[in-house]
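Here it is: the structure, laid out below.
Labels run A, B, C, D, E and F following the written order; every chain starts at residue 1.
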Amino acid sequence: MKLKGKKVLYIVHDDFEDLEVWYPVLRLREEGAIVDIAGEEANKKYIGKYGVPIHSDCSFLDLKPENYDALLVPGGWAPDKLRRFKEVLDIVKYMDENKKPIGQICHAGWILISANILKGKKVTSTPGIKDDMVNAGAVWLDEPSVVDGHIVSSRRPPDLPQYMIDFIDVMQR
Amino acid sequence: MKLKGKKVLYIVHDDFEDLEVWYPVLRLREEGAIVDIAGEEANKKYIGKYGVPIHSDCSFLDLKPENYDALLVPGGWAPDKLRRFKEVLDIVKYMDENKKPIGQICHAGWILISANILKGKKVTSTPGIKDDMVNAGAVWLDEPSVVDGHIVSSRRPPDLPQYMIDFIDVMQR
Amino acid sequence: MKLKGKKVLYIVHDDFEDLEVWYPVLRLREEGAIVDIAGEEANKKYIGKYGVPIHSDCSFLDLKPENYDALLVPGGWAPDKLRRFKEVLDIVKYMDENKKPIGQICHAGWILISANILKGKKVTSTPGIKDDMVNAGAVWLDEPSVVDGHIVSSRRPPDLPQYMIDFIDVMQR
Amino acid sequence: MKLKGKKVLYIVHDDFEDLEVWYPVLRLREEGAIVDIAGEEANKKYIGKYGVPIHSDCSFLDLKPENYDALLVPGGWAPDKLRRFKEVLDIVKYMDENKKPIGQICHAGWILISANILKGKKVTSTPGIKDDMVNAGAVWLDEPSVVDGHIVSSRRPPDLPQYMIDFIDVMQR
Amino acid sequence: MKLKGKKVLYIVHDDFEDLEVWYPVLRLREEGAIVDIAGEEANKKYIGKYGVPIHSDCSFLDLKPENYDALLVPGGWAPDKLRRFKEVLDIVKYMDENKKPIGQICHAGWILISANILKGKKVTSTPGIKDDMVNAGAVWLDEPSVVDGHIVSSRRPPDLPQYMIDFIDVMQR
Amino acid sequence: MKLKGKKVLYIVHDDFEDLEVWYPVLRLREEGAIVDIAGEEANKKYIGKYGVPIHSDCSFLDLKPENYDALLVPGGWAPDKLRRFKEVLDIVKYMDENKKPIGQICHAGWILISANILKGKKVTSTPGIKDDMVNAGAVWLDEPSVVDGHIVSSRRPPDLPQYMIDFIDVMQR
């Protein structure tokens, strides 16, 4: 178990990309990590784009990012909601400033754009938002998974295996 | 009938914001305009985010923008698909270069971002994509409707009345 | 703005025909009218036949029709529910007796049938309920929009442009 | 088995009231009757208002009513479609002229209205269309099941038991 | 009315097979029986696999089986939930020990398996669970309806007519 | 990559438990395995219980189990369909006879029951089918994951991490 004792925060909202949340959550737990699900409300059921539910453990409106070793943000349409919360952007900025691993996949890049942390960063995403990422100063690469320091990026569900190989590796550094 | 003889093109794809397509389509027809619905395929039923259907008259893969006096692009999740089609971006660029009225509302701004026509333009959109619009060089205003030359922008369905007042006005110039 | 200062009442229930409610609501607001949405309950979300929501401003169980300059009733399956409320029929009768404009489209005719105000009136509707309208004493015409005094009728969503041209005209008399 | 050798025709279309079709179909088969399901198309799956499917045996566009001993028409929103088919109205008229049992429940009355066979007939229906039935010349009674000669009427699913007691009885005369 | 004065209990949960609950309920009421619907909660709406609702009269967590003359359990996916309630299994065992008619159809056999009352019993079910029934000691027959003492079994909705003929017959013994 | 060069077969049908298919598929691919999805038809989209789709690579009606190093069968309602296919049961028997790893989770046990390979085997499953598993000769344990020779069992989605730790381990033996 490579991540025994590590605490990871996954921020969600309705219409998250089902597998882009659940695969990392289960995968990191398989490595011994504790993964907390943070929604707008605590103890609430959020429904993925296809319909798979997830229950939030806490609310991102009142949590301390310093309690966590890494952060994950989802694709799907959830990031279009999440990027509008100052609290979410503050969490992202905190993790970025403190060089803590941030995993983002598919449309999740919108959140990092609005947190304004992509200047000069090598990333990937769903090709759909490539222009937004580049306009935000990022260097966009069309690869299953891209690691640039503490930021790990991926494109879509079929890339989840490589995404987790890299994210687990970055979490172990 | 202020728009008698005018031809307008509305580009759609699945998950368009239902009212953001249908209100302008019916409103411009009320003013005598001919409004063509262009989908990826001709004569196909496309379904709005809430479920209201619309049938395409033609395909945006093989139409001549020069046949049209104005262009409308929808909000909802459809623009996330539409911005990936070179043919759609070419139509937007053609209309822009020829100073023909372009109407965009809610998330439709993504298409104008990817067509790279927003540099220095005053626009609005759903606040959700404000950062993307600003990163693309636009000046973002939080108003029901914003007119900058031939580009008319709006935020969300409740703004549709003002959006159409301005769009009809710009089409009459 | 042709209807500045005018107040219009739109009575709804679940399964209203989405565009037959929303186009008139937005269109009349574009002309400066105040449009109140009355449901069985106030401040409740009602869902259209296809899924587009609308929020009620007030309840038709306890409102004063004299506060309104005109009335609209929707098509879809909502009229099958609305015709069963004495309060709805009383509002229709009040507006009829006071010659205030009443707009009805598609299946909405069921409500005017049950309010018993169609004797000798020229109307249209969805052809599906033509027999019911004729049996109720109406003269049924197969046209996009029919005006008979203060009663404006229409058949289906594609007729909405002409329906609103006539309804706005009748409201200005 | 009270109806051994009898042939019954049930005319359906999408959005039929699920139990108002299936209870009579199974009940009459329990009494030994052969029950044919006629849709607009033969061998097609039609879906009830709640979602229960039924497969059509034949098409009402090309069947001979003389091959049947009795007719049933459904409630739900299906009758709003069925009343628009001349072929359906002709079948109803044929059965009526030949005094063959006709069973109608809930909104099914719309079909008998459009077949113009209700003058002076004692019936019931969903209270929602009482006005339409009365306007069509019927005498409307608020009872679970009403028998007037060969026409058996009922109001809603909870009345199905009495409706079938009466319909089976009328079929045995 | 063959079952005047008889009281029957139908135990349900969400995802019951719609017609396998509603046909027997209406059929037995047609024969004069009182049929109570027992859910996990009283006065709650349960939704069938296809979507037809039913409202519970009482809760199977706190009812007296001795108040009932017969028991019915449904197919669909509901039995996968119901077999997990000790209270449900106790009701089945009580009815079995007291030789009171038990009707089970389609997947309902799972409940009788978990109540452990099938040793040496002749039954049928959906072929899908034949192996489970045989492993539970039953003798499985591929027939529309099978009667073995007070246990009446059936396979699927088209068998409902024969199922009810037999069940009513067994209830009259 | 612990499973480089290994080939795994995942048999699916509609209503599979979404995460119980997708987590193992992605997880084994992360370890370098090739995972083929076999449906009743090849190249067809199957939809999970919640709605997540998966596309089949081949059909289990005409594949050679000898080409595979391990087999996985899903929970959800899919196993209720899959256990009815002789071809599926033959694949399970082949893998069992040749001591090749078989992974089964939640309701998947129904398939192993119908393949009659559980006599004396230590397993787990959703508690809902414990009685069926025991009746089939298995020894049922209430643990996240149970390994008995080449058979690896698990209960439900939250157990997926331990299930994959054990399955990957068994595949490496």
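In this section, a contact is a pair of C-beta atoms (placed from the backbone, for glycine too) under 8 Å apart; a residue touches a chain by one contact, two chains touch by 3 or more.
Keep in mind it's a predicted model, so treat the numbers as computed, not measured.
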Steps needed, at minimum, to go from subunit A to subunit E via contacts: 2
Copies subunit C and subunit D touch via same or different residues, half shared test: same
Between subunit D and its twin subunit E, rotation from the CA superposition, multiple of 5 degrees: 180
Computed distance of Cα centres, subunit C from subunit B, in Å: 30
Cα-centroid distance, subunit C relative to subunit F, in whole angstrom: 58
Mean-CA-position distance for subunit B and subunit A (Å): 32
Centre-to-centre distance between subunit F and subunit D (centres being mean Cα positions), rounded to whole Å: 49
Cyclic chain order when read starting with subunit C and heading to subunit D: C, D, E, F, A, B
Subunit B contact footprint on subunit C (complex, rising order): 18-19, 22-23, 26-27, 29-30, 48, 50-53, 157, 160-162, 164-165
Subunit A contact footprint on subunit B (complex, rising order): 77, 80-81, 83-84, 107, 110, 113-114, 116, 127-129, 131-132, 135-137
